[in-house]
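Heads up, the next two complexes both have chain A, just with different partners, chain B and then chain C.
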Partner chain A sequence: MSFVFYVLAALTLAGALAAMLLKNTVHCALALTVAFAGLALLFLNLDAQFAGFAQILVYIGAVAILVVFAILLTRGSETPRDGVYSRNWFAGLVIAAGVFAALSWAVLQSVRVLSNETAEPTVTAMQIGNALVGRYVLPVEIVALLLTAATIGAVIVAMHEKEDPK
Partner chain B sequence: MTPLASCLLVAALLFSIGLAGALTRRNAILVLIGIELMLNAANLNLIAFWRYGPHPELLTGMMFAIFSIAIAAAEAAVGLGLVIQIHRHAHTTDLDAMNRMKG
Partner chain C sequence: MIDHLDQFFVLLQHWLVSFLPAFLRPAASIVLGVAAIVSLFPALFALTTVFERKGLARIQNRIGPNRVGPFGLLQPIADGIKSLTKEDIVPLSADAAVHFLAPVVLVVAVFMGFAVLPMGRNMVLVNMDAGLLFYFAMGASTELSVFMAGWSSRNKYSLLGAMRAVAQMISYEVPLLLSSVTVVMITGSLSLTKIVEAQNHYSYGLPHWYIFTPWGCAAFVMYAIATTAESNRSPFDLPEGESELVAGYHTEYSGFKFALFFLGEYLSMFSISGLGTTLFLGGWSAPFSFLTWVPSWIWFFSKLMLSIFIFIWLRGTLPRLRQDQLMNFAWKFVLPMCLLNLLVVGLWRFMGDAWLRWVLCSAVLMGAYASMSWVEMRRKHIGPRSYRNAE
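And then the complex of A and B:
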C-alpha cells in the first residue's frame, strides 16, 4: 500500500479520535469535518471518484453544517461541569475494544483468502449514470422517496409548536 | 499486508472509534457523530471491496456506498431534528439526564 494511503488513513483516524475526545462540542464538529475529508480523499485514492465527490458534497457540505447548526441551537458548546463522558464510560470503552479486537482478528485471519485484484478499474461518470437509470432505477426511486419523507419528517419533528394556553 | 487488508483494518479502527464515542459521550449530538463515523467506516469497507474485488466494472460496491451515503444523510437530518426537539422539551442534551420516557 502506498505512502499516500497511510497519510490519509492517519489523517482520518486523527480527525475521528479528536471528534470523540475533545471537550468543546464545536471543536468536535470541526474534527469530524477533517475525518470526513480524509475519508473522501481515501475514496479518491481507491479510484472511486464519484463516491469521493459524493462524500464531500453530502458529508462536508450538508451533514457537518447540520451538526454545527444543531450544536449552536442546543447550546451544546458549553462544556458541562460534570465531565463530557457518561457514567459507564469504561464499559463502552471495553465493548469498543472488544469489537475492534474481533474485527481485526477476522481481517488478519482471512488475509490469504481475500481477493486482491490490482488492475485499476476505469469507471466513468457515464457508466454510473447508466447504471443509476438502468439496473438501479428502483433503488434510486426508493431513496428519493426516503429522502423526501426524511426531510419532511425532520422539519415536522423539529418544528416549534405553539404553547397551548393554560 | 495486502492493500485490501489495510483498508479493512483502517475501517475497523474507525468503526471502533465511532462506537467508543457513541457509547461513552454524554452529549446526544456527539453520539450521533459517533454513529456517522461508524456508517462511514462501513462505506470505506464497501469501496475497498469494490476496488479490490474481482469485478469492479459491475459497480456493485460503489453503488452500495452511494446509496449508503444517501441513507446516512437522511438519518442525520432526522436524528438532529429529534435532538433539537428533545432539547426544547427537556432543556438538555445530556443523555445521562434523560433516563425517563415519560415527559
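And then the complex of A and C:
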C-alpha cells in the first residue's frame, strides 16, 4: 500500500461521496466521473493497463455521457424544492451495507484461496484478447446478444409511430 | 552525421540530462519530453492559424491577414496578446466551477494523446504496450469537457451546440475505432511504435504502408471521415455552425478561455492526424527507400502538415451537412462499410502471401462501394435544377 494508492483511494471516495451528496444532478454525474477516473487510475497503479484504459474509454467516454444525456433529456438539472433525499433511505442503507459486506467477504476469501501467488502476474493486451475469443467466448457472445437486444429495443422505443392515413 | 541528425532530439535530451545527478535523470528526461511537446505543438498551432487563414483566403479569392509582420506572419502573436489581455467574462448565471474546468480538462486530455505518438525513430514519450488504447481513452475524455462547457454556460446556443457535438463525437467514434482496429488485426499489437516498425519495410523501393493495401485504403478513407467529424471540422462543423448557433459550446467563453478551446481544437486535429499518419501512412518512415537518409522526424511532421492542409482544403471547399444527413451518413454508410472492412481484413490476414488476396479483397470492397453508390444514385432522381421560391 503505497502513498499513491492512498491518494487515489481518497480521490475515488471523494468523487463517489460527492456524487451522492451534491444537490445538482449534473454535478453528481460529473462527480461520478471523477470516481470512475479514480478507479481507472487504481487499475493503472496495479499495472493493469488494459483494464485501466478500458475503464476510461467505456466509463468516462460512454457511460458518463449516457448519464448526462439521460439527465438532460428527462427532467433537467434543477433541484426540486423538497430536497433530493429519498424518504426510505434507511432501506437503501441496509441494502448497500449488505452488498458491501458480501463483496468484501468474497474479496477476503480470495486471499486464502490464492495465497500461493508469489510473483506479480504480467498480463498483456494480447493475452486478454486470446482469453476473450478463446476460453470466454461464450460469455462474450451472450453479452453481445444482450446488448444487441437492448439496441433493437431502444430503436423500437425511439421509432416514429406510423401515422394513420385519414 | 546523417544518423546524428536523425537522432538529434534524442541526443540533445541525453546531453541535457547528463548534467544532472543520476537519480534525477529518469524524471528529468520525462520532463524534457513533456516540455518539448507542450511547447512545440502550440507553436505549430500558431503557425497553422496563419496558414489556415491564408489558405482559406486564397480559396475564397481574398488576400487574408497581411498587416502584422511580413505576409501577416506575426498575426498569431497579435492574436495571443489580444486574448491574454481581454477581460474574462463569466455569465452571471453560469456554473462558475464547471465553466472554469471545461477548457482546462479539454486541453489536458488533448495533450495526453501526444504522449504515445512516435514522432521519429526513438522519439516517443511513453512507449506503451497498449498505446492505441491509451490514445482513444484520452480522446474519449474530451467529449465530457465539451458537454461541461455547453451545460455550464447556461445559454441555449451553448447547450444545443454541446449536445450536437457530443452526439456527433459519439456517433463517429465507432467508425474511428473500427477503422483503427483493422491495423491492430494485421500488426497484432496495440503499441504504436510496433505499428510503425511493421510498415517500415520496402520492396522495389516502395514502402509497405497500410494505405497501399485494399483494406488499408478503405480503412483510411473511413478514418479520414471519422476524424474530420471527431475534430468538429467542416463539413462536419454543425456543433459550432455560426449561422445557427452563434459559436456552439464556446459561445459564452471569452479571453484566454476561448483561446484554450481554440488551442484544444487544433491540438486534437494535430494529434488525430498524427495518429492517422502512424496507423496508415507509415509514421516516420520515408516514402521511398532511397529517401531513408532524411531524418525520420521530418517525414512525420511533413505528413502531419499534409493532413492539416487537406483539412483546410476541405473546409474551404465543402458546405456544411445537415444534422439528419450527418447521423444517416455515420450509421447507414460509414459503419456498415467499416464492418465489411473488418471481414476483408480477416480474409487478408488468413489468405497467405499470394496475389489472389489482392484480387479478392479489392473485388469485395470495390463491389460493395460500387453497388452501394449505384443503389443510392438510383434513389436520388437527379434531374434539371428546380427552384422553389425564385421562379
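Annotations
Simple rule for what comes next: the second predicted complex is superposed on the first by the 124 of 166 C-alpha atoms of A that agree within 3 Å, B and C clash if a C-alpha of one lies under 4 Å from a C-alpha of the other, contacts with A are read in each partner's own complex, and residues count from 1 in each chain.
In this text, a contact is a pair of C-beta atoms (placed from the backbone, for glycine too) under 8 Å apart; a residue touches a chain by one contact, two chains touch by 3 or more.
This structure is a prediction, so every number in the text was calculated from the model and none was measured.
Touch criterion met: A:A150 reaches chain B, while chain C stays clear of it.
In the superposed model, A:A96 makes contact with chain B only, not with chain C. In the superposition on chain A, contact is made by A:L30 with chain C only, not with chain B.
Residue contacts after overlaying the shared chain place A:A54 against chain B and chain C alike. Of the two partners, chain B and chain C, it is B that touches more residues of chain A. Touch criterion met: A:I65 reaches chain C, while chain B stays clear of it. Of the two partner chains, chain B is the only one touched by A:L39; chain C is not.
Of the residues of chain A, those at positions 50, 54, 62, 69 touch chain B in one of the two structures and chain C in the other. Contact residues on chain A toward chain B in their complex (touch as defined above): 1, 5, 9, 12-13, 16-17, 19-20, 25, 28-29, 32, 35-36, 39, 42-43, 46-48, 50-51, 54-55, 58-59, 62-63, 66-67, 69-71, 73-76, 80, 83-87, 89, 91-93, 95-97, 99-100, 103-104, 107-108, 111, 114-119, 121, 123, 127-128, 131-132, 136, 139, 143, 146-147, 150-151, 153-155, 157-158, 160. Those residues of chain A that touch chain C in the complex are listed here as 26-27, 30, 33, 40, 49-50, 53-54, 56-57, 60-62, 64-65, 68-69, 72, 77, 124-126.
Per the touch definition, chain C reaches chain A in the complex via residues 98, 128-130, 133-134, 136-141, 143-144, 147-148, 151, 159, 163, 166, 170, 173, 188-190.
The residues of chain B lying in touch with chain A in their complex are 1-10, 12-27, 29-30, 32-34, 36-37, 40, 43-44, 47-48, 50-54, 56-57, 59, 62-63, 65-67, 69-78, 80-85, 87-88, 93-96.
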